[in-house]
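The two complexes that follow have chain A in common; it is paired with chain B in the first and with chain C in the second.
Right, the complex of A and B next:
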């Protein structure tokens, strides 16, 4: 099983937010109330109705000003910690499509401890609708992918930042792009390429974009006790 | 078999013809439109192509409308077969769906009289008559038949038009014909400003 993978080339992102809007459009999600937060980033964070958000960061790296854009979304981990947490509470609440590799939250997520699932995510992605207790995040537009279409965000991207396809193809493209920009961006790197299905090419150090870009950059432990427990139990469950 | 240029062109031509017309008579829709129908949300929809109404780039759209219902728009996204945008859309273009379906959409004419604080509902007839009246008055008041040197000019100097990127080529032609009939000389398009 190689499945599908996103390749997000941040050296090409202009922060237009086409992906963010296209996502909302396909998912029929309502708008968030807009407030001036002093940043062009809007809305300020992901939520149950904003599954993709372009994060804007103004920062100085080596004495030079940079305005960094980071289209944040679920990474669809090959071995998803959120699923480990979910499985330990309600089996099949969080499922992984064997064909595409998409990690999908189902209606059974109602029964999960949303805070624990979110805590288990190294990228701080899952969100819950307080009213319905349903959990939401990017589902890789799994319906579209099965119909032979690109995910909404990839389809709309005007700059070639968002790419999507078979995993080996995307990894090859990622490596090629990394080699291409290395001479001008010596700090460039591919983030967590071997463990996720949404590989970011960061021309600047990943931590400069946002604290949850790279696995383990942010403080919380890599696996919560619950997730670890679930992981240990998993083989048993498969046979039981 | 030795291929000379002529032979090669003949065979290449025939192959191209088969590739181009092979599907004719069965299905003229693009592969993209067929794929769209397979996505659950779009199963019972009809695909229509259109052009983005916002800026002058003119990106292509595919609008999916409900076949069984009242022709309501279900989804609008970029058209990959479009030569200009090849399926991509900026955030404004990608938001087309809410142009039609929006709880903040205004369905009635709202009018705020000079110095008034509140908006009042009016009919379309009232609004169109009033706009026509105002345009005619402004045009008549600023129409000049002769310039300073006594040459015949027959032009209207008091009205300018700026727009519109939301109009297509044909609409722009009709619009400018009307403006020139009124004698306008200041005819501009905001895409050039």
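Right, the complex of A and C next:
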């Protein structure tokens, strides 16, 4: 399966949040009543209204201060644990587009145990609207992609952080960019590149950005049996 | 910008100072990161670690208001270590010019200071001329009275230790910045400087930029690809509005506004036309009478030039009409009416409470905007009793930029044509239509009722509309200019005859005799047989491809020249100093590459060649700048409100010529324990200006919903403030609340042996919306300004912060 893939080069992200706003705009998502809580990160987290959020982290690594920006979104796993959980409860509630590889939540998600679906995700992405029980996350702007357009977040990115295209092309770009920054950032790595369709290049250790950047970095707090089952079943692939 | 956005990618070193480029000009980082990909070093100098610092190879903190100390130290470092580009300095700058014996500098004051007037008599800052009227020079740069030696002496005081003491920047950081940036003094290297309001909004704002310019000239970084002095402008079309004469002191195209002391055009021309005896200096402003005549004719094509000149409004000699002054005299009742057009001074103007109070003295105000603003609603704002405010306010809703056709000129001087994306919504109108209809009414009233001086109104050529709708093409054509009489002129080597109504192809053909019109001479050539600004052609020569030059994309003033002063990018024979990224090159008797600064051969041709800095009278880059109001060399002065009682460089604490006002609203706190912290204002990516448009864009407001104050953990602990707490901030001018962002990105400074805390606040908020958003940062800012421009000092003033 080739399909499409995002390549997110965090060595170029300036935290401008163009992607976050462009996502809301294309999806025509309502705003959340936010307030400043002592951080520029706002909304504070993903929600059914916020499918993409830039996370801001101030940290010191090897004695040097860093301000890290992490545009968080669904990774569109090749074998998506959320879909495995979904499939075991309501068939076709969560579907995968064979053409693009986009993992898409349908209206049938109403019938899912939302907490189990969220717990099944190694990246803590899925969210539910408590009022309607509908579940939400990034759908790769699958409508735009089928119309030959870039996902809204990629289209708006001014620095070349967000990239999108055929999987082979994106993985080649990712490897090229990794090689380019390795001399100055020896700890740089491509995160879970073999198993996801949203590949992050992290110049700093992935855990420095946020706890759910890398699969296996932080276990979800309470794994349901279903979620655990889904995770164990997930095949490991070697990144070629 | 002397250069342009794409050109940033050509730099070997990028010094970002007084700018948060990554946040406030996100597109700049597309090009800055491409430079970094090629191995460039990014340096960020700022009081606060920002999203820009996050991508910098070198980050150095300095206390707000110490930029000249910082840059003066760099000048000293470059000179002391012989890191300047010697051929460039000798051939292309005024380093070798001999300054007259009367020039002196003593303990912070230049010669000619008049303490009573708080102003300089600049006559002692002149150069020495020989019997032929040509400036005396010493190309060895050894004469003690040459600019180079005077400059060396001036900055000898700016030792690393003294700079560190006053700026709070550790000496090791100074060393690293100086060393990294001075490396661009090698002929084959270029460094660019990106700046914004962090440099300009000071009582020494102009001299901050002068100091940057001196560094760039010493290192040979002007005119080259990846070089220049690059102002990242604060809004999409601020370059265009300045070009078109928005400011009081200039007419369109940077022509000085006439003074009432100059009653005739002949007198105006005599006083405003620089002259040189040096045949190799192009002295381009020597053409000013052509541009003034063409401007007058663009307004009054039927009148003779002297009559048209007589119609122009004149400034009273010695009187200031800059922004802060307008509100100072408004407060004293000087105005009956006020048009606040596409602006929000109740939030945007320093000393906002004073500004808002001034508006109560008006009889009427017209506000033209897309949304309700703090200005249009000042009468019902905090502390106002609507019953006691006599001002009648009219609100004219206008179309947004996407609903209008026309041009904007970006920071890189590119005039870019835009089409309307949709029709204006509801009953809103484009600004052009509002002013068109307004003037039609005014003229009808003059026709009906007469008036004190009706001729300038009656005779104005007001053909700006088609079928009673504003026509941006008509206006753009008028800005370009046309022939008014048949004229045969030399174009290249051939004679060409132009007929009345023909567009003028370039400003070199504008005339003094009234036979041409041009609304803005620098835009002559922008709308000729076609609308050049609408071009979207990516064709380029292989030479142009080396530096990302796209001459067919939009149009750039002047004459589509993308990099200003590009004659300084080649040696006197016309060979590029940086052959790997050439801007222009003299090949087979003509120039290739960018449009050169004039067609003449290179400078080594002593008969026909010209010096590179064609806009200066003597053709040289000005290390010594005798035209400014506060001195020919930048000198460190503290902000009008500062945390120290003395500084290492002189006894003169603050700029002796700064723009100041009198009265209860003008109390300044220096070393006042009630206002112990330095404060600076700034912007965030998510909001724009006073936030009128962005506070009303829900997705943007969601991301930055409230007024905040960034402070160090040390300050927060001292004041018992926790991250996210509400705090009260106060200055001598007012107070406001903000949410505390306690962050390691802000750190205390050690200044003159004492700990100095700095805080920072955005200026995007206002009381009208959102209801829990907070009010304008300008409530705290002082109404003091730069003596050259009047720009307010909103980047360094003193406040107190306490837990709410």
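We take it that the second predicted complex is superposed on the first by the 221 of 240 C-alpha atoms of A that agree within 3 Å, B and C clash if a C-alpha of one lies under 4 Å from a C-alpha of the other, contacts with A are read in each partner's own complex, and residues count from 1 in each chain.
Keep this in mind: a residue touches a chain if its C-beta (ideal position, glycine included) is under 8 Å from a C-beta of that chain, and two chains touch if they have at least 3 such contacts.
These numbers were taken from a predicted model, which means no experiment stands behind them.
Contact with neither chain B nor chain C is seen for A:122 once the two complexes are overlaid on the shared chain.
Legend: residue contacts after superposition of the two complexes on their common chain; A:36 is shown touching chain C, with no touch to chain B.
After overlaying the two complexes on the shared chain, residue contacts for A:71 are found with neither chain B nor chain C. Judged by the touch definition given at the top, the superposed model places A:26 against chain B, while chain C stays out of reach. In the superposition on chain A, A:17 makes contact with both chain B and chain C.
Set against each other, chain B and chain C touch different numbers of residues in chain A, with C touching more. In the superposition on chain A, A:101 contacts neither chain B nor chain C. In the superposition on chain A, contact is made by A:148 with chain B only, not with chain C.
Within the superposed three-chain model, A:3 lies out of touch with both chain B and chain C [touch as defined at top]. Of the two partner chains, neither chain B nor chain C is touched by A:81.
Overlaid on A, the two complexes show chain B and chain C touching the same residues of chain A, namely 16-18, 20-21, 25, 158. Every residue of chain C that touches chain A in the complex is listed here, in rising order: 22-23, 26-27, 29-30, 33, 37, 49, 51-55, 684-686, 698-708, 722-725, 739-745, 772. Residues of chain B that touch chain A in their complex: 32, 35-42, 75-78, 80, 85, 87-98.
Of all residues in chain A, only 12, 14-18, 20-21, 24-25, 31-32, 34-40, 42-43, 58, 60, 65-69, 158-160, 180 touch chain C in the complex they form. The touching residues of chain A, when paired with chain B in their complex, are 16-18, 20-22, 25-26, 143-144, 146-149, 152, 155-158.
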